[in-house]
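First the structure, in the form of structure tokens, and then the observations on it.
Here the chain labels run A, B and C in written order, and each chain numbers its own residues starting at 1.
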Amino acid sequence: MTGARRDCLLNVLLIGLLFFLLHVAEQQLDAYSIRILSLVAVNAILAVSLNLIYGFTGMFSLGHAGFMAIGAYVCALLILSPAQKESMWILEEIQPWLAHLSAPQLFAGLFSDPDMARQLGFLCAVSLGGLAAALCGIVIALPVLRLGGDYLGIATLGFAEIIRVLIVNAASLTNGSLGIKGIPQYATLWWNYGWLLFTLYVIVTLLRSSTGAAFKAVRDDEIAARVMGVNTFYHRVLSFTIGAFFAGVGGALTAALISTIDPKMFNFMLTFNVLMIVVAGGLGSITGSVIGSVVITVMLELLRPVDSFAPGTRMVLFSLLLLGIILFRRKGLMGTREFSWHILFRPRRQQ
Amino acid sequence: MSAASERVHMRESLHAAPSLRLELDAATMRFGGITAVSALDMAIPRGLIAGLIGPNGAGKTTVFNMITGFYTPSSGAIRFNGRAITGLAPHRICKYGIARTFQNIRLFSGLSALQNVMIGSYLRRKSSWWMAPLQLPLVRREAKASFEQAMHLLERLDLADVADQPATALPYGAQRRLEIARALATQPQLLLLDEPAAGMNPQESAELMDLIRGIREDFDLTILLIEHDMKVVMGVCAHIWVLEYGMCIAEGSPDAIRGNPAVIKAYLGEEYDANAQD
Amino acid sequence: MSLEMFTQHLFNALALGALYGLIAIGYTMVYGILRLINFAHGDIFMVGAYLVFFTTVAFMPAWAAALLVALALLVFYAVFFGTRRPPLWFWPPLFFFCLTAFYYGFFAPRDFTPPWTVAVAFSIMVTSAIGIAVDRVAYRPLRDAPRISALISAIGVSFLLENLGVVIFTGLPRPVLQPEALVTPLVFSMSALTGNPESLVRVAPIALIVPLVSAFLVAGLLYIIHRTKPGLAMRSISTDIETTRLMGVSVNKVIALTFGLGSALAACAGIMWALRYPQVHPYMGMLPGFKAFIAAVFGGIGSIRGAMVGGLLLGFIEIMLVAFFPSLSGYRDAFAFVLLIVILLWRPSGLMGRAMEEKI
């Protein structure tokens, strides 16, 4: 058991190092770089959650943008101040019960420290955003997860579109197509990386447990899994719902990071970006998803100047990149391999 | 009239015998206009090794699919240990104690041999998914027990040294044995083997016969197998059902089957014509 | 609702449905053969619309057009004839093509726009070549890969085409000049039915032309599929690709032909779409593409007649629901997706499809 203890120690050290680096980054870097670092974390959360659904449970879902939208809207509505809401809803009057709902203010009654109340309110808002997305995930999963393969992809894509149409039309809740502006930017580096660590912890422990093995069994051969006593439908719904929860969390953090959301933002493009990260990193590899989100996010930012040549060039390059990966290196960067301390300390193979 | 009353009588007598593992009672499976299995009656007592044979397309695998819950019989009933399991979901049936292997091997390609077998103990778990992130002791205990059971089974089936290899990288014979090990991991009372000797050479099938007999003893199993290799069927089975076009044309001990004219006709055709099947 | 209004909606629905049907056929043919949702099909449709727009309304340089045609011919040649010597009939058209390209490149007046028919033929030809090229480059290497890999590849191609559209044509919607004759409404009197001499129905000729042309195209396609040898090969591939290959059919060529035909139909749909709803933009193919796929599923994927029926029904549902319940107009784009989910749950094989089950 010394190996387990060593790994635990090393993990703690790694997290300590991460926090130290975050601290340095916060002190030294400009706002733009910090924003990119935050985006890396948010994208990693999204990619890991999609990888759970697709890479580990084998359900080709294209509904991520929909879950993100739900998370983003729930979170935004909870952290906006009543004054902001009053001035922003132009198309339709805001629902009265919603107008005065504000998580930070709710907590302000309990805690004297305003910053504490704000942070707790934000934590609450993001969690509720994730839960709302998870709830929606269950509702979606019950009908469509009986489908398999590519049909499932189209059906989930359809659901994301339906969610978008609903958001546009429910103007008294969501301010319709105008979107929400001026969302308080609570999503600091600490929050984003904190949520990323939480996501990684939950998903990695889950995948290492017997439930994770059951997910993979469902992915590899559904019929054999059923014969082995695995309730495949339950496991697909479970995996889908957990994925939806973290997608909602990712959406909520996005909202509090970029401070402006509107229904147009949550289109298929967003799902495409997450899918690209997952495919590039390797389906069925959490490590791959994290590395992929670093690489893709940074590349997306570095290639921004290319768009000045002609708008759209950047996305042309990225489509080509996706095609290149799927055609020539289908396993992505990592395949299904994972990082573990074991690899570093393993004695060299004698071959 | 008399046949019906006979069947009722038989059913009652079956109920009277608690040692019966599996009963099929006029189980019928229709797909559209085709009747794949028609009014099949089977009764398998505890501890028996039974065979289900018949030409290709006779409906043997359909019988397995009905027993394991992939198909709901169009009519008729299936009972396991006297309890009706007709139309239950496959994972429920597995939990009651029926496990099977597949004609075309279906291992989990992304998992190692060991993990494949460990899946088998999953259905007997008491922990729930949310306990894993909380690292509750129950989860750890169960993981350890599952690992030990799987290693034990792999050793029993001579697979211990390939435990960490990807399941689909194993040689063919080992994959077949791994499927059996995986099925045993669900702690079944009834094991259904779908052509376990397919693609094996005579020596391998002889080993397989020993294995089948051995696991029956070790795990207190009842076994029903589909097989084309008559040497295996006649060698291990105590009772054989013969299907043709979905109908049971004969049943009985291997000797009785061997001499049954209807069976010979089903396998070889009316006359010994040139394109008869073996 | 008055009978006149209803009749007008009926014609609108018929035209929209026929367009959905034409696009749906491309999806259904590819899915029937390869079990692949050709995600890029909607964007092929967009390309078809753009090519006509750019040769007639906005002037496309003649050299660019000539280059595109040359590339298209090259694709056809490479895919259908391979590296063998081209057959004799190949040379005269090539010669005439070079002559025409030479003329347009050097002697034709700079602001010359080709006549309508030429533009349409050009668009259909280049679009089907693009469809074939997409298959060759992005799908064919993945024939033996898991099915979802090809789907991801298709998504990649879809984004590539859309963003190439943005780069080349900019993301702004462009108006399409509609020929007068196609939009001047025809006025029918319905007094015989209603008894009111005032009751008139106005229908734009294009709304009548679209269903007629579609019917004609579908008839042609059905002829190809059911009466010709390549059609026989297509049907046989959709049943069993491996056995067909063993029978000596060059499967890849037949698949290329399928993509070519599907893309040509998409181009026709794109052209008519641009004339009916006079605007083109790079993302115009996305939503009609999804909806057409849903129409294909509705009709029963793999069935050509089913695709057309599904398209027409979807057109009717969209137009009539909004016509009868104007309050639902905001949800118009969601109908199709709701329909999809209902269909997949209630009858996954669609109205006219065959059920497929995995063998255990």
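Definition applied: a contact is a pair of C-beta atoms (placed from the backbone, for glycine too) under 8 Å apart; a residue touches a chain by one contact, two chains touch by 3 or more.
Since we're looking at a predicted model, the values are computed, not measured.
A simple rule picks the central chain: find each chain's mean C-alpha point, then take the one closest to the mean of all protein C-alpha atoms, which gives A. Taking each chain's centre as the mean of its C-alpha atoms, the one that lies farthest from the centre of subunit B is C.
Averaging Cα coordinates per chain places subunit B and subunit C 50 Å apart.
One inter-chain figure worth recording: subunit A and subunit C are separated by 36 Å, centre to centre, where each centre is the mean of the chain's CA atoms. Chain geometry summary: the mean Cα position of subunit A and that of subunit B are 44 Å apart. Touching of two or more other chains is recorded for residues 360 of subunit C.
For subunit A, the set of residues that touch two or more other chains comprises 223. For subunit B, residues that reach two or more other chains under the stated contact definition are 70, 102. Chain contact summary for the complex, subunit A toward subunit B: residues 201-202, 205-206, 208-214, 216-217, 219-221, 223-232, 238, 284, 336. Partner subunit A is touched in their complex by these residues of subunit B: 68-70, 89-91, 94-95, 99-100, 102, 106-111, 115, 118-123, 125, 127, 129, 132-133, 135, 139, 142-143, 146, 182-183, 185-186.
Only residues 60, 143-144, 146-147, 149-151, 153-155, 157-159, 161-162, 165-166, 168-169, 223, 268, 272, 275, 279, 310-313, 315-316, 318-320, 322-323, 326-327, 330 of subunit A touch subunit C when the two sit together in their complex. Contact residues of subunit C toward subunit A in the complex are 35-37, 138, 141-142, 145, 147-149, 151-153, 155-157, 159-160, 162-167, 170-171, 282, 286, 290, 293-294, 297, 330-331, 333-334, 336-338, 340-341, 344-345, 348, 358, 360.
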